[in-house]
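In what follows, chain A forms one complex with chain B and a second complex with chain C.
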Partner chain A sequence: MTFNAFLSLLHGAGVTVSVSMAGIALGVPFGLVLALLRWRRVPLLAPLTTVYVSLLRSTPAVTLCLLIFFALPVIGIEIDALSAAIATLALNTAAFNCEIWRSGLTSFPREQVEAARTFGMSGTLIFRRIIFPQLWRTCLPALVNEMTLLIKSSTAIAVIGVAEITRAAIRIGAQTYDPLPPMLVATGIYVVLVLVFVGIQRLTERLYGQAGGAR
Partner chain B sequence: MTEAATETRDPPVLEISGLTKTFGDRIVLDGVSLSVARGQTVCLLGPSGSGKSTLLRCVNWLETPDQGAIYLSGERMGIRKGGVVPMGNGELARLRMRMGTVFQHFNLWPHMSVLQNIIEAPIHVQKRRRDEVIAEAEALLENVGLSDKRDAFPSRLSGGQKQRVGIARALAMKPELLLFDEPTSALDPELVGEVIAVMKTLSQGGSTMLVVTHEMGFARETADKVVLMDAGRIVEEGEPEVFFGRPKTERARQFLQRYVSA
Partner chain C sequence: MIRDVSLIWQNADRLLDGLTNTVILSLVGATLALVFGALVAIALMASNRAVRLTSRGLVDLMRCVPFLMLVYLVYYGLPRLGLRFDSWTAGLVAIVIYNTAYMAEIIRGIWSRLERETIEAGIAFGFHGWKLVARIVMPQIFLAAAPMIGNQLIQIIKDTAFLTIIAVPELTHAANSIQAQYFIPFATFLSAVLLYWALCMVVELGVFVVERIAEKRR
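Up next, the complex of A and B:
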């Protein structure tokens, strides 16, 4: 494997990381919004959320990606491959994140919310000051787990020509007739990426896991 | 004539009239009327399931009563002027702010330190100045004997300490009325005393308190009025000497036999 091949793998890793991060940055808050709609039983939107979650959870990322990239232009929305890739990952992970946030919300101690209400705190204030600071800590391990799944499933975006890690590895293997080295390197990169995420989670848990440190 | 008389007099801090609440087909409160005058300590006694806690929850509108009315210093709770339209959340909050509640299971916010628990609502709900609120909170902590726990988190406190923080948190709102929902029932017996001591000081200091409790000693020594509830109704109310010494009803006699001798 040449140095250039290695560079193109690294470039692929850069694409995987940036597309994944964008997907996470959009999908985690979007999932929280969905979860809140269901949790507060907002009329009309809550049942729509339920449908969204079950549809998205049962659609493979590859299929979703193709759908977004090739079907949206049919209804007049032009979308480039990179945006389609990010949209795919964000929409997909949001469905799973919604379920994580929602289970955190439903298991949140009622008494704490009631106490806040007797002190005259409004719904948004209660969410911002009482619920969310605790919620994200309980949900963090599951969210990070979903993030690592997202990184691994991000290879689905190769189907619309985005040169992420796996696609780069396949192309190098095809050029050199020696698929083993690029595949091993690709695997190594995935492992490192996931380990970094888990490491960040551990660190965050150690810093904020104790009741202390809330602000 | 009675109109004029009520107008000149200060309205009681809490006035409950004809309160009814059902859960499904179970009647939890059945026409309860009760008033707490300024500076009074009223103890609500009664077996579990008699509706005491539900009554408290109705007072700060955590439960919506089916019938009857609640007045906080003359202002109708939960229902707008005119008597039909339920209050919005903002209006409810404005009234709730004027009462402080102490819970059986403390309900402190575990992600906040003792001080943060106390200053949270005064700063974010009452929008008072932070430095001023902190100074007051420190004074309150001193009063309940927990100055050294200022920066501790609730998980590091004993039950009695948690409840004293709960009381300080309620006091920080400078409430007109303090509601206590079995404040010592979740405590180890040897920790009950420290909480009772704080409550006694408050009562003697002129706080207006409605206390649901099983602590007969506290009721006998501190209350201005004792109210016995059973099956959603008030069966007897009166001054503690009379209630504990010469109860008028058979139900009160039964109750006292069971709770005081035990």
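Up next, the complex of A and C:
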């Protein structure tokens, strides 16, 4: 394996990380919105959210990726591979994030909300000043764990030709007729990426692990 | 749209073939992974330090690797070492190797929380050796592990979709070949997604039934 091949694997790693980050940046807030819809039992939207979460949690990332990339242009929405990849990861992770946010919301101490209401705070103010500052701390370890899973499922976007780590490894293997070295290096890069996230998760657990609930 | 649905209907047998392959790969893969996982769990619980640390290292490493990467290593990498599989077998081998690590971790978790009293009571009632394992230990482990094994099975079903990349004729592959032939991507992939959804519902139903049995036996 040449130095150039190694560089293109590193470039692939950059693509994997940036696409995953974009997926996380969109998926985490979208998951929170979905969780709030279910938590507040918004008519019509809450049951739709339930169906969305159930459906997306049982859809393979590869199938979702193909669906978005091939089907959207048919109904008139032009989408390039990179946007399709980001949309896949965001829609997929949002369903899992919704469940994390929701479990945090349902276990949130009711007394605090009632106390805030007694002080005359409005619904949005209660959420912004009382619930959310505690909610994100309790949910963070589980959210980081989901991010680790997202890095691993991001290999699915190779199927529509996004030049991330897996795709780069395949291409180098096909050019040199020696697939084993680039694949082992690629695997090594993934292990490092995942270990970084596992480290962040341990750190957040230590910092905020027991900080949830009434304190 | 009606034309799309009727085209899907005409090609339903291809989708069902794909679905059958997905189900067989998932079930056979999960069963083998469970058996090997139980063996690895014994190594994870071993009193020998070297055995315990080696198996822990291997299990942790496997859990850091993306499934698709392992599939490529088995399908393109192993032939370099003289082991050549066709794509179907390579897919199954990858599923088994990958999920053995996860199953071992599930079984180890349950095992370490198992109460000693029931085992001691079993011994007091004259159970020993294989009979003790088969009648007292294993039923407890598997009834308690059912929800986690069910979750893992859903994960395996979803992971089989990756095998389309090495041309295993599973559900996503069938859907992709139908959409490439008739250019009706929306209807085909949506049908595939709905079939995956139904499959996962069946698994969840199975877990629910096992949980009910476990509740009765407590």
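Just so we're on the same page, the second predicted complex is superposed on the first by the 199 of 215 C-alpha atoms of A that agree within 3 Å, B and C clash if a C-alpha of one lies under 4 Å from a C-alpha of the other, contacts with A are read in each partner's own complex, and residues count from 1 in each chain.
We take it that contacts are C-beta pairs under 8 Å (C-beta built on N, C-alpha and C of every residue); 3 or more make two chains touch, one makes a residue touch a chain.
Here the structure is a predicted model, which is why all the values come from computation and not from measurement.
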item: Clash or fit, chain B versus chain C on superposed chain A; value: fit
item: Partner chain(s) touched by A:Val196 [first = chain B, second = chain C, both, neither]; value: neither
item: Touched partner set for A:Pro179, first chain B, second chain C, both or neither; value: second
item: Touching partner for A:Thr63 - first (chain B), second (chain C), both, neither; value: second
item: Inter-chain angle, chain B to chain C through the CA centre of chain A, in degrees rounded to a multiple of 10; value: 110
item: Which of chain B and chain C A:Leu7 touches, first, second, both or neither; value: neither
item: Touched partner set for A:Ala169, first chain B, second chain C, both or neither; value: second
item: Touched partner set for A:Thr118, first chain B, second chain C, both or neither; value: first
item: Greater residue coverage of chain A in the superposed arrangement, chain B or chain C; value: C
item: Closest approach of chain C to chain B (Cα atoms, Å); value: 30
item: Contacting residues of chain A [partner chain B, same complex]; value: 111-112, 114-123, 125, 129-130, 133-134, 137, 210-212, 214
item: In the complex, chain B residues that touch chain A; value: 60, 62, 89-90, 93-94, 96-97, 99-101, 103, 105, 107-113, 116, 120-121, 124-126, 153-155, 169, 173
item: Residues on chain A engaged by chain C in the complex (per definition of touch); value: 54-55, 57-64, 66-67, 70-71, 74-75, 151-156, 158-159, 166, 169-170, 173, 178-180, 183-184, 186-187, 190-191, 194-195, 198
item: In the complex, chain C residues that touch chain A; value: 61, 64-69, 72-73, 76-77, 80, 154, 157-162, 164-165, 171-172, 175-176, 179, 183-186, 189-190, 192-193, 196-197, 199-201
